[in-house]
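The following pair of complexes shares a single chain, chain A, combined with chain B in the former and chain C in the latter.
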Partner chain A sequence: MSSPNPPTTAADALLRAGIDRSLRHPVMFFLTSGAAWLAVSIILGMVSSMKMHNPTFLDGPGWLTYGRIFPAHINTFIYGWGFQAAFAAIIWLMARLSRQECRNVGTILTAGHLWNLGVSLGVLGILSGRGTGMPWMEFPLFAWPIMLLSYLAIVVWSFIQFRLRPVGHTYISQWYLLAAIIWFPWIFLTANILLHFITGHPLMAAGINAWFRSALIFLFFTPVALGAAYYLVPKVTGRPVHSYSLAMLGFWSLAAIAPWAGMQKLIGTPIPYFLPYIGAAATILFFIPAVAAAANLIKTAIADGKVMAYSPTLRFTLAGIVALVILGFAAVFLNLPGSTLRMTQFSLTGYGFDILALYAFFSFVMFGAIYFIVPRVTRREWLSTRFIRWHFYLSIYGVIAVAFVALFGGLMQGAAQENWQEPWVNAMTQAYPYVITITIAWTFVLVSNFFFFLHLLLMWLRLGRRSAHPTLLGQDDHAFSAHGPDGESNDVETPAPAH
Partner chain B sequence: MPPADPSPDLDESINVTQAHDRVVREAAAAAREKRIADNGREPTALWLIVVCGIVAMIAGAVLGDAGRFFAYATTFRPDYVRAVPEGADATGPEPRAALAAFAARGSRIYSAQCQGCHGSDGRGGSGYPTLSGSEWVIGDTQTLAMIIINGMEGPISTGETYGVMPGQATSMSPQDLAGVMTYVRNSFGNETGDVTTIEMAANAFEISDNRDSPGAPVNAEEIRAAHAAMLPGDPLDPEILVDPISLEPVEDHESAGAGS
Partner chain C sequence: MSLKNFILGLAATFGTAWLAVVIVPFFTMRAMDPIVVVDEVAGTEEVFIPKRTGRVTDGSAVYAANGCYLCHTQVVRPTYAGNDMFRPDWGGIPDDEERGDTRRETNPFDFIGEHFAHVGVLRFGPDLSNVGNRVIHNYARGGDPEMWLYEFLYNPRALPERRKSRCPSHRFLFDQKPLRGQRSRLALNVGDENLEIIPSREARALVSYLLSLRKDQPVPDDLDFAPVARSDDG
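Now for the complex of A and B:
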């Protein structure tokens, strides 16, 4: 039983426009530098994938070896692209939802540059052979305090804005964003202190590292993406969120389950016996928050099928939500200690799961948010429907191929590795065709992100269309002139389709 | 629509239509947005509850599989033995050729007890004789056994005199003695190619116990008089497969060797 949508008043519109204007520089800074890191990361991913099936490719200097290129790939993806997209989403959504302009743009921008400095130095550290060798924490030791401090300087204002919000209802997105803001420093500090300062048994260090990776996905990227999706889907469709109780279930089950996950990666090693089993059970249970949120959002969206056809925001967001459902199923099927879990330990499957979570789910929702946010903060509309469409299709084909081939090819590879009577090299031979497919699929993703980055760069340079009408899919590419549709009033009251 | 309360004292120079247009354009995206409505109150679908319930049961089964979480006494047996992988016979470690298995055992004992004086290359050094090509090492096994068990004083086979070598066998089992003898007779350039068996080593201990003064170092005179012979016992084919731990020949080495 929902009350009808209250109309947007002029006061609302001006308040929103003011908030958007105040955040223009930090949001665009995070998005463009994030997109640039994404392109770098995909190139590194392609190179490292190519080395899997062609070991002599670029085998000259030390910094081009697989042991450095692959960590550089995954770390630039996470800290270069993932976090910066998350920063943009967090500061913009929190300001909008707390109905306050951002008053700390200078600090945020400075901290943003500091973050980028930390990531750049960290990547150089990895490439020059000074990486720590701990997956997803490979940046040399100096990087993490820089990153933690700049993280705090970026998001603390969103926290304050939330505290100072006008009294009233706290929206679902705010739960998720606030949780992500708080959870990341916790997991980041815990992992870094336990791995660098209060070190214990090296096997437990590997376990803590596995926990950190899992927690980064489930306790940071997942809540940020869900917070954004819970904002975008009702916003674009204009419909209330399907079920408040389901949203509560999704949020609290995530908060209760996700911190336990991760150590199943060490099953079979002599760490305390219950840890891998608890990790496996918690990762399986991740299905519940994933599917609860996804069902809620999909039911909110599909009531109006037409919007999905033309809104780039909704299309990207829902693709990400579908990936979340797949991620939930993968979490169940890949973590059965009796059968599949062993096959994921040393095979491509773990990579497939990570890419499914980081690209197919998180990044797609972030793309959806970007297609929504950027026209608002730049006050220009997206230039080209075709670019958006290419970005969508090439990305989705590419990431489906990477994730599924890595998941299922990795299972075959894992089964071959388990067969101890065969030489280890046979397992790699078995994975050969899958690795080639992954390289080809990354090429698709690279092309798609070339268009995305170009498009975003043009928007950042304020070369977008000056128009009151949004760029929508499902229309002829040439329907718009560079200055908006002809012969139409650009009055606010004109019922333009939602964007 | 222009802002709610246009200023009453609008400057004459401001073109109102233009200003309006600017606001409209700049706030256009924000103005066409829909508001986020109150949350829906739809009931949670039954299928969702059922599916989540099934997943919860799977997770419960995984936890149940883990046994009793903190009861280490029941989850880990004190005399832990490595699990036999699927498809392998429960034969323990893979059998090896006798010469290699005995020498591997002997090599560990040599590095613990002999290497300090005779060197890792067995060539001795200042104050210690070489084992490489020594008549008493590669010659009669009983000679070598007596020297290892009891120690040695006086001139050696070459006539040179070094210090007193103490006996080394206080903590050696027959397997250890057999191993170290096989090792020194087949290393450092020595290549007798034979295996000193466990039976021979056990006999060596017996012979040593029956000496006139058991435990005292032997000398060249006694060696030449009483111990210039091979140790009694059946020879062992150096290629026969034995268990590398017990050094006993593997009964069904044909089938056990086929898996490797």
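Now for the complex of A and C:
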């Protein structure tokens, strides 16, 4: 059985409705607070990008300096938005796939508030000048135990649900989610304990920090997004996964390759020579799990072109999967020691790669999941296809610009940095046009997420449409009203209308 | 696949990498062997003791908290990994009066006194491995290097040749006080007649740290590869 679509019976429908009802508040809490952090993060990203080409912009007080705004931007993106979207996806998907209602809503909500408190205090710590200076770990020391404890209190129930699942086959999404649940605390504890509590060599500390950043992308955000995509694509198209053995190959190759990646960022520093080379090799090999999963998912989805056109879930998810393919290629071409690595090591390319992974791939799949999950847990349909469409197009336009400009601009910048016969200032001015473009592109992403956040908030307030018909794209807004045509959406699991 | 086998699989795949690239290198590098310098003429042996002066620890914390590592790196890569050594003043001083060309790659002893090496993530500004050297020998030649750095941090674009700098102003690291009696030794040469602008505790730590970034101690041959420094066309 390679599909999350078992034959539907009345008992199944009741069970699913029960699971959705039990998870309504935690899921909506994580999604709305995550979306709010996303908006904060994008504003901070815009401001910091603006400061790169216009250093007198918002100049003056310490908390507005570039060196604090930028870490606040990336940390709110990762821990404010990324993790909370992942929490919502993990708890909902795991409950559905393990066929159990959530019995720990109170604990999860409390822990969710604690997580938000940790992130808020961490951001205040960075802005007030208490940042640690370790990229992606800039939150002051007190934040990480709070975050680790609340993380465990949020996801441990999903682990238990998996253990208590009914006997039978386990679906690929569950492996991905379970692995992410286990990998993250392992990575997080290792990095924080070694960097904060054990005195080691300062360079090795920097190496472990680079490994942590890479592991966060490849061993937390990637498996969560792939777990969600492996659920959503077959569910929306109503088809089994193209090849289940390819899916397993994708999973185990990720598990075997990704933990070695990361230290290529330190090539040329006097750490043991094999570390950067192993890091580069593993990052290049990330191409295999990326393309295995992407090919499998795309093959599953394109069997029916029509669904692609009207399902917002599928559209966002597949856009994310296409970004994964690009990420796989970028991992190969940007990390070749001796040719490209020297140009990408200290250029804008690093940021482009991170945004490609975190926004174009992970966040797009999460948006796809959100457009699928929220109507089910709120028992309301999305209000406006126009909002969804704007969210999609502005986001995709913005993120393509940010990621590609940073990737290619970074290569140009890197080439100029390597050109030692020219004065250094040329390498700097070379990057300005790209930085300006990044500022403009973030504006598009900001506008798109304004629509998204507003839409989501309305849904949480249960102001969505009461309808048996999902909100679909590619049609006029009214064509799919409660009285509109029906029929094509049979494969999309539709919640019963509220009473 | 059972949960037990799955977890064993994860432990094997992740655990191997974790041990090989994180745990073992970390604990091995904690205790580096000292470098023994043998003086064949005198027949003596001594241990190389890296030296660094300045407020390294607290200056490094100010450097970290204000995100200097976001635009500046602290590594001079060997030529196999980049062209840093060819930049005239990144690796050291090309024309030191006593020692000649002192340029060299970063070595593992360069970060003593720091908890975390601020290798950096982006070079929007220049590498700072030898910024102390540069300030002393080039920028503030003949003047007070400390004051040069305070003035730079206060307004990086003040000097005509630095109009293109995109470094943020760090005015918030300075205290503005009404002038009472004699002007402070560290007061900046800007502003009102009745005011003085003095570097705060943080600014003083930061400048001391930046001046400690100079690799001008002679190193034993084991650490000095100097691939291009001695060539005539370099």
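The rule is simple: the second predicted complex is superposed on the first by the 471 of 499 C-alpha atoms of A that agree within 3 Å, B and C clash if a C-alpha of one lies under 4 Å from a C-alpha of the other, contacts with A are read in each partner's own complex, and residues count from 1 in each chain.
Keep in mind that, in the parts below, contacts are C-beta pairs under 8 Å (C-beta built on N, C-alpha and C of every residue); 3 or more make two chains touch, one makes a residue touch a chain.
Everything quoted here is computed from the prediction, not taken from an experiment.
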Return first, second, both or neither, reflecting whether A:A85 touches chain B, chain C, both chains, or no partner chain.
-> neither
Could you tell me if A:T190 is touching chain B, chain C, both of them or neither one (first, second, both, neither)?
-> second
With the two structures laid over each other on chain A, which partner does A:V47 touch: chain B (first), chain C (second), both, or neither?
-> neither
Give one of first, second, both or neither to describe whether A:G338 is in contact with chain B, with chain C, with both, or with none.
-> both
Please indicate which partner A:W260 is in contact with in the superposed arrangement: first for chain B, second for chain C, both, or neither.
-> second
For A:A360, decide between first (touching chain B), second (touching chain C), both and neither.
-> neither
Would you sort A:W420 into first (chain B), second (chain C), both or neither based on which partner it touches?
-> both
Based on the superposed arrangement, let me know which partner A:I388 touches: chain B (first), chain C (second), both, or neither?
-> neither
With the two structures laid over each other on chain A, which partner does A:R466 touch: chain B (first), chain C (second), both, or neither?
-> first
Using the superposition on A, tell me which residues of chain A are in contact with chain B and, in the other complex, with chain C.
-> 278, 282, 337-338, 420
In the complex of these two chains, what residues of chain A are touching chain B?
-> 1-8, 10-14, 16-17, 20-21, 169, 171-172, 231, 234-247, 249, 273-274, 277-278, 280-282, 284-285, 287-288, 291-292, 295, 299-300, 332, 335-338, 375-376, 379, 381, 420-421, 466-470, 490-493, 496, 498-499
So, in the complex, the side of chain A touching chain C is made of residues 51-53, 55-56, 59-62, 65-68, 70-71, 129-135, 162-163, 170, 175, 178-179, 182-183, 186, 190, 194-195, 198-209, 211, 219, 252, 255-256, 259-260, 262-263, 265-272, 275, 278-279, 282, 337-338, 341-342, 345-348, 350-351, 417-420, 424-425, 427-429, 431
Residue ranges of chain B touching chain A (in the complex, touch as defined) = 1-4, 21, 23-45, 48, 51-52, 55-56, 58-60, 62-63, 65-67, 69-70, 72, 75-76, 85, 87, 259
Could you pull out which chain C residues touch chain A in their complex?
-> 1, 3, 6-7, 9-10, 13-14, 16-18, 20-23, 25-30, 32, 60-61, 63-71, 73, 75, 77-78, 80-84, 86-87, 105-108, 111, 114-126, 156-157, 164-173, 202
